[in-house]
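There are two complexes below, and they share chain A, which is joined by chain B in the first and by chain C in the second.
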Partner chain A sequence: MNSTAGSHGHHISRQYNADLEEVKKHMLEMGGKVEKQLADALDALIRADSGKASGVISEDDVIDSMEMKIDEECNLIIARRQPAASDLRLVLAIIKAIRDLERIADESSKIAKAAIKVSEQGELPNGLIEFRTLGQQVQRALNTALDAFVRHDAEAALSVVQDDQDVDNEYAIAMRAMITYMMEEPSSISHVLNVLWALRAMERIGDHAKNICEHVVYMVVGTDIRHEKLENIADRLSG
Partner chain B sequence: MEEAADNREQTQDPQTDESVEAGHAAENVTEEELNPICIEIRKLNLFYTKHVHALRDIHLDIPRNKVTAFIGPSGCGKSSLLRCLNRMNDLIDDCKIKGKIRIDGEDIYHKQVDVANLRRRVGMVFQKPNPFPKSIYDNVAYGLRIQGIGSRRILDEIVENALRLAALWDEVKDRMDANALELSGGQQQRLVIARTIAVQPEILLLDEPASSLDPISTLKIEELINDLREKYTILIVTHNMQQAARVSDYAAFMDMGNMIEFDSTDTLFTNPSEKQTEDYITGRYG
Partner chain C sequence: MNSTAGSHGHHISRQYNADLEEVKKHMLEMGGKVEKQLADALDALIRADSGKASGVISEDDVIDSMEMKIDEECNLIIARRQPAASDLRLVLAIIKAIRDLERIADESSKIAKAAIKVSEQGELPNGLIEFRTLGQQVQRALNTALDAFVRHDAEAALSVVQDDQDVDNEYAIAMRAMITYMMEEPSSISHVLNVLWALRAMERIGDHAKNICEHVVYMVVGTDIRHEKLENIADRLSG
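Moving on, here comes the complex of A and B:
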């Protein structure tokens, strides 16, 4: 089914084609907006830029509105069209993915709030920039997840699911670095605590990107791989 | 039909291994668990004339006490297939059937099969309600009287049970002598179902049973199908895909006389394996 799943056109009803394309477009616009929120939040934290961080926080309402609008569009498609098969899986994947996107935006706001607190205490010492790798990893995961959604690429989606372990490992490394820093510099504890909140938010963003990829796999091949052990996923997909 | 009969493959022993094994089964095992397949269709081909090949090499196992829905575009052969199961096609001139259909292991096209008895075991309900121009009571009692049941007490009991099963009893119990044609379309269809189940069939064939009914009557028929599934093996042909998705346990998609896909309804409507099925149920160009 994968060969046709990427295209949600060719329905006898042209309006149905248009409705599905429109909701997909809106979901991707929301994805792009969330990507920007995350990038801005991370940048604000690294640069201790409270202005940029405030922008991220105020934009969160826009993301919330987008989520509600797309939800409503999906509800109407279900009520009016009773989608089946790949169409149904697309609508379900969008409903689930926008929830994860909204949560990623919330986590980005948390990073932005941490950035504001950091800025109040001055720039971060070099030793505290350990979170940059983690930030890049989760940005890449989100980007790949959205790309996989557009291209209906289950393989790319699966790579994010598999790489989530690396995100968790990087999170553990960064945590250890922070703890070491606090032990060496007890005066920096309040500074470091802000970074810890941001680290936690990044790790959660990685989880949400992974969730989106699981929805992509379901959308493309119809197999639910949530809660499945990594080593069993390949068997599930081939079976 | 002589020619048709000549074209049918004959079985020497209509009893299958499964039904032999049934005699040795442990107690407490239901027929459904013991012998989950009710109807076996093997290499079934149906020709209405030399040039109209309506069914092509159909191979299918219909599960017992489940609802199986047949979907597909007009002329795909789904109604023809249904009519093969109680030999309604015997009534059509020049109709030829090849292949085998076994119900409970018995070849229904075997020359010794009593077709009238087969049609009692395999009841059929059509698109347009067709009650007889008689009283409600007489409609339901009709088949029983043909079977020779004359006792009013027994008839009363069976008629009431059949009407209750068909979810019509409460609506007609005070006017059993009224003409059946006075009932609404939805009530007439439920009356026809009551008439069909009064003779205690094993299988119900429903050929678009709700397509001439309004949405509320349609939902009542669907609710009735849901209630009947424990007692009967039900096969339903419908043009309404949502109806197939709502009422059936298994679904078959047919196109141009071919069985394209047969699977659990859950799978067929969420993740079909054939592109043709996907295109049809999602309303795409074929």
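Moving on, here comes the complex of A and C:
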């Protein structure tokens, strides 16, 4: 339909492109907002700052409505504009990516909830802030994922998929530190469990950032790379 | 396009309906398979049966390919058949539901991994099998969700969304039992943590079953009910 000649066709096509740009812009606004939620949640946890943590929790509603609005925009584009090929892949990638963004915001709220519980029990002892590196890693993964989405950069996206192993390793290190701490100080168990849940949330955020990158690769090269061997994909991208 | 008169139009329309039926059938096959994975994983955990647990983990690949295949089928239907209105909602609901199913399978694998670790340390002590009720609840939630999908039953779907609160309560009860256990037996901490991860996985499975139900409501009544007050939705369905 978009190739129809004449001014009417032109008009439709211009409007169609504007719709696509608009929904992409909204997704990136949502992405920026989610990045801020994550940064604030991690900061609240490290500083045991319950005020900041409450802010993260109450902002979660804003993210939820952003997701629903964008999802609806995508549905309308598919229904009215019947996009094909790469445009359709873009719209479907957005539909999936916003779900991952919404989950990242959810997990950030969980970190914020843990921060509030932690703040009730005073600041975290030194042995418990082993999660700082993990927090930075997942923030970087999310940032790279969003950036790769804007620039349609499959290789950058793939680097996040590859780095996810580092996130998992860092998570394992932090977990071991927590277990040791609990064994040495059984009275600290419920305190430490709050940190454990926060760690788990960070690890999941890393997974969701990885998912977004998989959507980017699908959008750019048209193949679904989930569950595929990394070497194969890297070969295909460079080949 | 599907309303085109004449035998060609008829032919397209028949093929189109067959495509829709086919993808729905595939989704339900995937659902049945995921139900089995969950049942086996829970059973493996309760019996500390590492053989059964390994079976669950190795079958996870099958679920992954099912999801990718169905996702691709849905993309093709949208691209070639340009479904509108309720057909489009069906296809989009399937795209989303299969992601939740795949996640449920993932969480079932996590339960199976916990079962293997548990089996290495012998059977679970009595205080640690508080999760049985929770396991049954989430199995029922998944079953009802899939059933509501087949029958396009928004009210049944809504009941799962409502019951999710019970799942969360049961989860809290089981969690408290674990914490008490760890405090009394610090040497059991890493043993108990395996069960904690399994509990957490069950709780997430409940969330994903709830998500599927939200997709059912969207598919049937065309509104996105996530993040909405339950009373409002129930009123609208009965109104």
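As a working rule, the second predicted complex is superposed on the first by the 220 of 239 C-alpha atoms of A that agree within 3 Å, B and C clash if a C-alpha of one lies under 4 Å from a C-alpha of the other, contacts with A are read in each partner's own complex, and residues count from 1 in each chain.
Please note the rule applied: contacts are C-beta pairs under 8 Å (C-beta built on N, C-alpha and C of every residue); 3 or more make two chains touch, one makes a residue touch a chain.
Just so we're clear, the structure is a prediction, and the values are computed from it rather than from any experiment.
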Which of chain B and chain C A:A79 touches, first, second, both or neither: second
First, second, both or neither for A:A39, with chain B first and chain C second: neither
Contact breadth on chain A, by residue count: chain C or chain B: C
Touching partner for A:L88 - first (chain B), second (chain C), both, neither: both
Which superposed partner A:L28 touches (first chain B, second chain C, both, neither): neither
Touching partner for A:S13 - first (chain B), second (chain C), both, neither: first
Contact residues common to both interfaces of chain A (with chain B and with chain C): 82, 84-85, 88-89
List of chain C residues in touch with chain A within their complex: 61, 64-65, 68, 71-72, 75, 78-79, 82, 84-85, 88-89, 92, 95-96, 99, 179, 182-183, 186-187, 189-190, 193, 200, 224, 226-227
Chain B residues touching chain A - in the complex, by the definition given at the top: 241-242, 245, 269-273, 275, 277-279, 281-285
Touch list for chain A against partner chain B, complex: 1, 3-4, 10-13, 16, 82-89, 221-222
